[in-house]
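Below is a structure I'd like to ask you about.
Note that the chains are named A, B, C and D in the order they appear, and that numbering of residues resets to 1 at the start of each chain.
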Amino acid sequence: MGGSKVLSDLLQTLSRLGNQFLALGPSVPEDEARSIERWCTRLLSSTGEASGMAIAGIIVEHWRRLNEDGRRDFLHMLKDRFGVDRDRLFAAAEKYIEDPSDLLAAELHRAAEPERQDLFRRLNLTPGGIDFLVRVREDLLSRLADDPELHVVDIDFVHLFSSWFNRGFLTLERIDWNTPAIILEKIIRYEAVHEITSWDDLRLRLHPEDRRCYAFFHPQLPDEPLIFLEVALTREMPSGIAPLLSESRPPVRAEESTHAVFYSISNCQQGLRGISFGNFLIKQVVEDLRREFPNIREFVTLSPVPRFTAWLKQEALQESVPGAEDVLRLTERENWMGDENVREELSRLLPAIAAHYFLVARNARGQVIDPVARFHFGNGASLARINLFGDLSVKAAQNALGLMVNYRYDLKDVEKNHERFVLGAEIAAAPAVRGLLPARRSGSARMPALPAGESSE
Amino acid sequence: MGGSKVLSDLLQTLSRLGNQFLALGPSVPEDEARSIERWCTRLLSSTGEASGMAIAGIIVEHWRRLNEDGRRDFLHMLKDRFGVDRDRLFAAAEKYIEDPSDLLAAELHRAAEPERQDLFRRLNLTPGGIDFLVRVREDLLSRLADDPELHVVDIDFVHLFSSWFNRGFLTLERIDWNTPAIILEKIIRYEAVHEITSWDDLRLRLHPEDRRCYAFFHPQLPDEPLIFLEVALTREMPSGIAPLLSESRPPVRAEESTHAVFYSISNCQQGLRGISFGNFLIKQVVEDLRREFPNIREFVTLSPVPRFTAWLKQEALQESVPGAEDVLRLTERENWMGDENVREELSRLLPAIAAHYFLVARNARGQVIDPVARFHFGNGASLARINLFGDLSVKAAQNALGLMVNYRYDLKDVEKNHERFVLGAEIAAAPAVRGLLPARRSGSARMPALPAGESSE
Amino acid sequence: MGGSKVLSDLLQTLSRLGNQFLALGPSVPEDEARSIERWCTRLLSSTGEASGMAIAGIIVEHWRRLNEDGRRDFLHMLKDRFGVDRDRLFAAAEKYIEDPSDLLAAELHRAAEPERQDLFRRLNLTPGGIDFLVRVREDLLSRLADDPELHVVDIDFVHLFSSWFNRGFLTLERIDWNTPAIILEKIIRYEAVHEITSWDDLRLRLHPEDRRCYAFFHPQLPDEPLIFLEVALTREMPSGIAPLLSESRPPVRAEESTHAVFYSISNCQQGLRGISFGNFLIKQVVEDLRREFPNIREFVTLSPVPRFTAWLKQEALQESVPGAEDVLRLTERENWMGDENVREELSRLLPAIAAHYFLVARNARGQVIDPVARFHFGNGASLARINLFGDLSVKAAQNALGLMVNYRYDLKDVEKNHERFVLGAEIAAAPAVRGLLPARRSGSARMPALPAGESSE
Amino acid sequence: MGGSKVLSDLLQTLSRLGNQFLALGPSVPEDEARSIERWCTRLLSSTGEASGMAIAGIIVEHWRRLNEDGRRDFLHMLKDRFGVDRDRLFAAAEKYIEDPSDLLAAELHRAAEPERQDLFRRLNLTPGGIDFLVRVREDLLSRLADDPELHVVDIDFVHLFSSWFNRGFLTLERIDWNTPAIILEKIIRYEAVHEITSWDDLRLRLHPEDRRCYAFFHPQLPDEPLIFLEVALTREMPSGIAPLLSESRPPVRAEESTHAVFYSISNCQQGLRGISFGNFLIKQVVEDLRREFPNIREFVTLSPVPRFTAWLKQEALQESVPGAEDVLRLTERENWMGDENVREELSRLLPAIAAHYFLVARNARGQVIDPVARFHFGNGASLARINLFGDLSVKAAQNALGLMVNYRYDLKDVEKNHERFVLGAEIAAAPAVRGLLPARRSGSARMPALPAGESSE
């Protein structure tokens, strides 16, 4: 019996048992918010597992029908009514201070666990419970900026999700034209980098011999990809997205390809933000492709540079990057990409600026500015090439003046690169990229705005 | 790609990566104990996931080669070197006492978490990691009686296993003659109630139309049943095990059966003791069978009474149960079961004693004495019938003077029964069973050893 | 290892072996037609199975590259060069006439088998061979009208396909939103009754709770549905297609439905025309739905009437059906469906004519005129209702003046109905339908307008 | 829905429909033989497919209950009552002689087809039909020697089975410790070369890293292997069976093996005798292993020599093979294998005789004498080595004086070897084997009894 069959069977059982044990009719009490709190309380005190599942199912059902305000109230209820028992925690803390033994530390640990963690665990017993919890966190995250108090609730989500979505539980599945439609429609929906416009467009990403797509799945969410990676098999490191996705390209025979190009990676579940598995995905795919195609020698990305323009504008204001203003002026007009002179001019100015953006510039927290770069550097990739005019779409023209870059995954270096990156050492980059930086000696005068720490580079 | 394929692929990757990143040759350092501690420390400080998986794999490999003393040392190392950071916890406790806010409670919760929980989570990243942790806990439990200090380590196992083996993750699978041999051989090995003597014997438990077997599986342990339940479909509530398992019985057509008899339930993983899923299993199977065979009206067990003789001997010493000494004297000789007179005598004496054992007698902690009874009463079953001479095997003659009982699972009552049992109310039993008790009024004098609480019955 | 994996593996082996054994380079001789004949001859004389598979693969590859004329020549080559050995057959016939023994009959049977049957069997050994043969027959059927000589080749296709596509080999699969896209795109393409306009439209046919779709598959063509049936679960017998397919309808809960409506059945493989499995499909689906939903009481179709207008025009010419001319005149204008008066008029005239069309009218070969009706009556269905204005699409307005009908599948009657239909007895129809016929008594000479041939009914 | 589910569902439907349409109660008429003929006649004239399936099911059920005589009568009934229509065939033969056209040839072909072929096709419609037909042929083959008239019936079985068990329909599956027990128990039962004595013994053949087993399956017989091949991965060409199967051997790591040894191939279905797929199986396995383990360089068998002793005795009588009498005398005593002197003597005498047996000796029909040799030579293998004392079991001592041989499958030669073997050319053998033959010139005197045909060698 497959998992999803069990789920649906349990769901039927559930509604039967719910009615049976709880004398709950199909109608639901009027005052949802108070009602849902009562059910949560009841769930925590329930000792029978059948009634527990039934109650959990009722809570899920109530929540689905809540409006915006109701959902906000639900989150605050989680914060206020299902936190720690302060008296118990206070007492446990005092006792531990008196006698710091292992057993009292364990009691302190128990006392410091907010009640909502137990609530979440019990909610996870019901079919669809985990999906529900992911949705609730998605809702929470969307409110966090305006309602930072909810952060304490998020801590508990992160604690449990890190355990439940442990890499050990995930399975890697290939997505292709043999994949069920119920999953494919989610690939269309969740693609976040280069939009998939139709099922025909989707087929072009999955079906040709030189295309691959892989996703991670969790056993309790069999129809929901968590994250997916789109791959093109090529015979060279690509410099632009349009030729890569062109319908009219001659497909490369997989056995004759030499490069695997990761041109899109998309997280599917907002409610799992920060629960990291992208790094595992890329490395697992590198391993699998290497085994399947010994002919593939290079594993690279073709990646966007989403913050480039925004950074450049800021630097131009501060006059900290030479040429920034010129570049911005040149790209002011709408169709600058069509103007040969402009492109020529940019070809002269942009490389050094782009190299600076990746290798030198840092944000206020001392981090590499580009989030995509942070992700790949953090995974141990190196910067292989900067491609001018790599993406001529409106979005890329706005965000990155058309820039795209290739990151390289070389398994024998990733670990070392990763550790160096975490320690704040020099960014790993191909010599040709590094060579784009203005010469060091004279540069010190021309790039005064660098943080002091950089001089140690 | 199936999960187990992924695991084995990862394992290959792992050994490659392990050698690559860690410069670890196939040979292993001499001083295993110190070495394994160093690897654990390194795992906790590792920031790269590939090296993390490689290190976890190395730890697993080391542990496998440890001898008895090495494994004991390993557990004590977990206790001593990977507990809480006392200074940090002390400070966090003090801060919370000063300002009992939610955020400081969260910090206190983090500080109170022993480092080994993080270690266990990281070990679970490696293929085979969860299996390893279950084995380690199995080892721990076997030492707990002699080495009670290890209990604080077990607290962490229980905390994490309760999350990882949450009912929501488990799948129910039917075990039959179409099941892979790699699973079936474990059914033979783990059967704990009525031994399976051979593959032919196994086939008799699985293959006939009137036999069923169900097990829970965890997605990370696809070849390891966690617990399984053997079922016979019959046309009456059985009173003895031999006819039920007789090879020569005429098989009942499943569509014509009226009773589902749970005659054996076995936990497979010692390392998951106390992580309860038996109750879910029985109820899920009741639901599934009910859906498949509307003709089945009764769901009952045929269960052993493992502590009966031991209890009786104790009571005989205390002269608290009338007839105890007579019964023990009658069953002193080896072949008492073959003696018609003895059986006649026992038929007169045993029923009241047995009813007393289940319904009235309690151990020092106020619990029902029989662990099997506690399990089924705790699940909400009721005591349907007491069967004299239900099991004539040597083991049952020794443990229970041949007694077997039927517990009844009536879904509409289980929740109520469960809650009443938890609250310490009267045991649910069929009137005929209750009627076996000595009459109430005169009884008060004859059963003086009952705890006071029982008088409220 | 799944079948399709084996196929692709074999395919790889094949090309390797082909080159190895046959010293065949990737280039192919110029004169394809002569070349393909040589390969066919070589295939028939080949004694090694590896070379046999390689040669078969080469033939398939050659044929794919043939143009129209090349394919016609290929068929004629099958007819002329790979027929029976006339001398051998002549001799065998003479011998049998002399001595009509069983063994000589067996020899005669062998001698009478055209060599191309053996050729087809050997071609079927290669992966993709059966698909190739189905395509070749598709090509043959498209030429048969102009080139009737090819009929003798078709006899051999029918002989082998009847064996290979025997019902016993087919598997029934449910098609739903969990079905792989590679199959779903074929459902879109092959839907022959009510066009599926997009993937969204497809989802509406498969995904809602009150929709089902089933198809037959052959193990050697795992991605190719042979025939599929679309079903709506409803609470009444529907009278028109638009409300049935309306996006905005409230979906019926499957457990509360009372009718299963077969509103579309489509053959997918032109090359399997005449190899009947439609009847098996409907009855198997009736059985499966009956088991799954005991609440479904009625199994009916909502079917088009594709030949109605054509027949009516013919009858109007012959003045054999009263009212035919009136009807045709009323429906002359393009938008007659929007004219309330016309519809009123038609409501008066059409029922009797339609009843006559189904129950009385016959074509020159004495058959019921409507091919859809012939199919369902042949399967044992009865005519349940005639629906005026059931389909307002342009196609249905042209072909059937908007008529649709319901056929009823009542399993307890289908066998009897089928046999009566085959024997030429009265068509099975609901009394209300039969009552639409002009009154029996007043019908002087019963049906004065009927063609003479009908009187023999 | 899986195939076997469909089958069992259909079976249920069937019995329902059978009772419904045919008014057949559970009881069965007394006179089975006459009754079964009536049902066969009815099946042939049935026009409805539901009743057809029901009738086919009834025939299968009747046959199962027939005793030996009943089954013999059934076969004769097939021969006598369901052969060709002689009058029709006679007429068709005459017509063809008059006008030998393609269409009349087709009609002659139809007329020459015995009615039982149609009967068999219709029986195949019922679930379990193909299994039934295989059993019936098994029964037929067991009677053929005593009842040669039945050969004409067998011709029809072979004709249809060749079509239904076409290689294109078969799937290759790996058999290992993950295979369902229902299949594994058949591996135990059908192993025909080296007996599998228990499930533990079976595990030793399937589970270790250096063991493989593969089988062909037919989609309609999912639980019935048709033929299977056992493989050992080794580091040298083995010379005896005992070390190969020794429990205590150190297992070879699959990646380090250099030889794949086919040490057992067993047909499972007597009823499919002569429907060849063994050659496909070996070559497919060679291909698969070659792909999986590029390290494997040699594919050889370790094979028995079942007819050696019988042949030797015959030759000794005719005094045609020098040394035959000596050898037989030496091996007369029961424990000759334990006698060092005997073994030494045999080591001197046997090689030349064994080489003669394989390379020179022929039976009355001019064939190689050993059936195992015929099979492998026919597949294109060559004789790689003769191993004295390769199998010390009682059976092998009796049949082959302990001889075993290795045949080599070298894919680049198999086709050529096969064709040469079919044409009667010299047997392919390693030079070392050929060198065991007595020298040619002087040999003519020493081996006078060779058939003349050999001189052309």
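Here, a residue touches a chain if its C-beta (ideal position, glycine included) is under 8 Å from a C-beta of that chain, and two chains touch if they have at least 3 such contacts.
These numbers were taken from a predicted model, which means no experiment stands behind them.
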| note | Shared touch partners for chain A + chain D come out as B, C
| note | Max Cα-centre separation from chain A goes to chain D
| task | Please work out the Cα centroid separation of chain B and chain C, and write it as a whole number of Å. | result | 58
| remark: Per the C-alpha means, the centres of chain A and chain B lie apart by a whole-Å value of 40
| Chain centre separation in whole Å, for chain D relative to chain B (CA means) | 50
| message | I need the residues of chain D touching at least two other chains; which ones are they? | response | none
| task | Could you draw the chains as nodes, link the ones that touch, and say if you get a line, ring, star, complete or other? | result | ring
| said: According to the definition already given, which pairs of chains are in contact? | reply: A-B, A-C, B-D, C-D
| Inside the complex, what are the residues of chain B that reach chain D? | 177-182, 184-185, 199, 203, 223
| said: Show me the residue ranges of chain C that touch chain D in the complex, using the header's touch definition. | reply: 1-3, 6, 9-10, 13, 17, 20-21, 47-51, 79, 83-84, 86, 89-90, 93-94, 96-97, 100, 102-103, 105-106, 108-109, 112-114, 121, 124-127, 129-130, 151-152, 155, 160, 162-164, 166-169, 171-174, 219-220, 279-280, 283-284, 287-288, 291, 380, 411-412, 414-415, 418-419, 422
